[in-house]
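Below are two complexes that have chain A in common, paired first with chain B and then with chain C.
The block that comes next holds the complex of A and B.
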């Protein structure tokens, strides 16, 4: 995306860390085995109890994070709602699939089917807010969130609206975990010797729902600026450095202008080789932190990385405990680099206003 | 920013129940040959009771046409066939270094394979072939297609139920306008699955006969499958690729009905906002629209909601209109793509399509759809509607150059 003035006014995330409400617990929650599970908040404060009962876990997490984000930004109806989700609503999909099989395609009730469509979270947010504005859902694996973010940023750049709610949500279910485990994605046993120690193959499953209120209006409400979004596909490890340099140059920056790098290491040796390579080259002497020891690996995890970046820009001291190393408190410009399964690479640039 | 810059459509490709390419589809449209009938490809207990609009080819044959393995999802096979035709139709052999993207759409990704896998997996979670779930995610078909087409710069997939393709097309147009891409192949693909068939059946909105959109006595929709894509080019790409533009995408709008997860509001709020917004974006008056390709699913609910919104915008001067779902069935995530192809052809060749099986005007509406095929008509502007679950409503406007 070309340079445009895109600000972030609020952020809210439901993740495996207990960070939904202000006043962090100050301790990092570790995965149980090879799986992280989101710390779900008390939904009653945000959503009508009658509605909560009908919602699956991802719908609850997505709508609650969205509503909290709007609340913090003091926005009632955003100009648009744009979602990213790689897996969609797995729980309802599995329920309906099972019923089709168990009842041999007869006597089925529609509830699970209705809630299984990939746009359910975005639609539920619109329904709760009575928001008739732009509403879109992207489903491109490790670029689902980036597509949503690009769409949202362009809507602001085009002056279609002044405020847009952008978010991502993905869930793990016992079935999806079992299937992805069979693909060899996850560690056989989670290492006790640290998330990023390569004693075994695979990573730890993650999930989460993070939302951001983007605005094209400069003012007191801004907590950060979203300077750039870039995605690229299927790039070999040795070409990533070039891509990063090109991205920074396009934004009239060099690596020297970056105060902090948030990297997408996931604890799998092969996956992380590219980050090690960057550390020895372009990222030498730069503060680099990881984030997947907090949220696990999932296709829209870069939304959690952006959440973390904003917490660090806002108050590095308060968010320090989440980082795997002591960071310089004066964080102005943050570069996030992540790749999902070597196919979906993304760069996000955010910083103080 | 080049918001004023135009987005040119230079070609299209399609595979649907009425034909495996543009020529076959045109012949079927011209001869009023609907593609709705008894299930031949999908395995379901509803074979004898619920008519569907299937693509008339097995996965094995589709795989040969797509030059892909037969064990990948039908969605990816259908998409690849239509997207290949799109580039061929536009005379684009390579992208000459231009930035190219694939913006696709679908509603259930690789569900056609997942549902076979899941029956085995439920009995034993170490059972079922992994190759049948590896392409479950919606984005997977798009990645397979992009690899087949040699598109490397940008891909994404939209999934907003029945409006998915329309949203993919219009996001693609915006990527061109914002100078992010030069060439965009956009549209959608969806294969029939037991999952969707039973889902719609549980909602009791499937007709057990061939559907009758916008008819007083309509009883529901028929599900279909297929894929439809258009290729959009920037001004620069037109020159570099020496391509001939057919029409432009002059207007688009996405709005939300915010009424119910699956039902449309009786007032057609979302449909109204989408059509009105698209007209505004194109700078056209309602009277400039020559033809509306209706969403027209044939359900009681959709047609009255869409019709009410049309009445509000167009009364008393109604353009010609029809639902081509009376030919292709409702192809869900592919419908906006397939109907974009029909819209482009309407402008290019002066076609107006009939709304099959229409006999009785709806009592709520002062207008009725076209019932005969016409050609040689001066069609300057076409409005195409795609409305869906989750209140997601999108309208596109295609204009003659």
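The block that comes next holds the complex of A and C.
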């Protein structure tokens, strides 16, 4: 994305950490075994009880995060709703598939099917708001959130609207966790030596929902600026350094202009090799923090990384509590680099206004 | 099955099927409307009720236009099941 004035006016998220109501829990919450589970708020405050009964967990998480984000921005109806999800509504999909078997392909009920589609969360947000504006959901595995973010930014850049709600949501269910565990994605045993140790293969499953209100209007509402988004597929580790330098150069920056790196290490040695290489080659004198010990690994985890970046722009001191690191400088420019399964790489550049 | 027992079962199944978390089965009146001003069920729920009837009681709603009368309340549902359930005196 070329340089454009894209501002972030509000952010809200639901994650394994207790972050929904601004504050954090007393201590960083660790995964249960090889799986993180979101800390869900009391949805009744945000969603009508008659509607909530039909919503699965991911729909509630996504809808609540979106509504909270709009509340914080004091926006009733956004110009558009764009979201990304890789897994979609897994719980409803599983219910629907199970009923096909249980009912021998006869008399299937509509609810689980209707709500199993990937765009259900975006649609539910629109229904609750009675928002008839642009509504789109991107399903592109590890680039789902970045694609949504890029779409939102382009809509603002082209002046299609002044404010757009952009977010991502993904859930892990017992069945999907078991399947992905069999693929070798997750550690067989939880590490006692910290999230990023390399005594075993695999990572820890994660989930979450984060929403952002983007705007092309500069003003008092702005809490941060989104300077750039870049995605690339299937590049060898040694190419990533070039990609980062090219990305920064496109925004008239060098690595020296970056105050903080947020990296997508996930505790798997093979996965993290590229981050180690970057630390050695171009992030040498840069402070790097990791985020997946807070949310786990999932295809749209970069939305949590952006959430964390915005928290650190506002309060760099939070890094000590969340990441056990002290940031000794003002955080004006943050570079987020993440890759999912070595295939989906992304760079996000955010910072103070 | 006695109608009272059947209505009790239906109330439990309705609460479970529709995830009515703040309503206990005993809170549902026998003649309380299930739709709109009553329990607040809607047209999608009506389809779920049709499936419930077929799966749990082997009763098919022969004429969809009878739906509003059959699903008016727990009592009317029980009457329909007792009348049409296989093995009952009037069952098909």
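Rule of thumb we're sticking to: the second predicted complex is superposed on the first by the 347 of 353 C-alpha atoms of A that agree within 3 Å, B and C clash if a C-alpha of one lies under 4 Å from a C-alpha of the other, contacts with A are read in each partner's own complex, and residues count from 1 in each chain.
Assume a residue touches a chain if its C-beta (ideal position, glycine included) is under 8 Å from a C-beta of that chain, and two chains touch if they have at least 3 such contacts.
If you're wondering where the values come from, they're calculated on a predicted model, not measured in any experiment.
The superposed arrangement places chain B and chain C next to each other on chain A without a clash. After overlaying the two complexes on the shared chain, residue contacts for A:315 are found with neither chain B nor chain C.
By the document's definition of touching, of the two partners only chain B reaches A:100; chain C does not.
More chain A residues lie in contact with B than with the other chain of the pair chain B and chain C.
In the superposition on chain A, A:53 contacts chain C only, with no contact to chain B. Contacts of A:114 after superposition on the shared chain: both chain B and chain C are touched. Judged by the touch definition given at the top, the superposed model places A:76 against neither chain B nor chain C. By the touch criterion defined above, A:238 lies against neither chain B nor chain C after alignment on the C-alpha atoms of chain A. By the document's definition of touching, neither partner reaches A:45: not chain B, not chain C.
Once you line the two complexes up on chain A, you'll see the smallest CA to CA distance from chain B to chain C is 8 Å. According to the touch criterion, the shared surface of chain A, contacted by chain B in one complex and chain C in the other, consists of residues 108-110, 114. Within the complex, the chain A residues that touch chain C are 49-50, 53-54, 103, 107-111, 114. Residue ranges of chain A in contact with chain B, taken from their complex: 1-2, 81, 86-88, 93-94, 96-98, 100-101, 104-106, 108-110, 113-120, 122-124, 126-127, 129-141, 143-144, 147, 151, 154, 157-158, 175, 178-179, 182-183, 231, 233-234, 343.
The residues of chain B lying in touch with chain A in their complex are 1, 3, 44-46, 107, 109, 114-115, 118-119, 121-122, 125-126, 130, 133-134, 137-140, 142-143, 146, 152-161, 167, 171, 174-175, 177-180, 194-195, 198-199, 201-203, 254-262, 269-270, 273, 389-392.
For chain C in complex with chain A, the touching residues are 18-22, 40, 44, 47-48, 50-51, 54-55.
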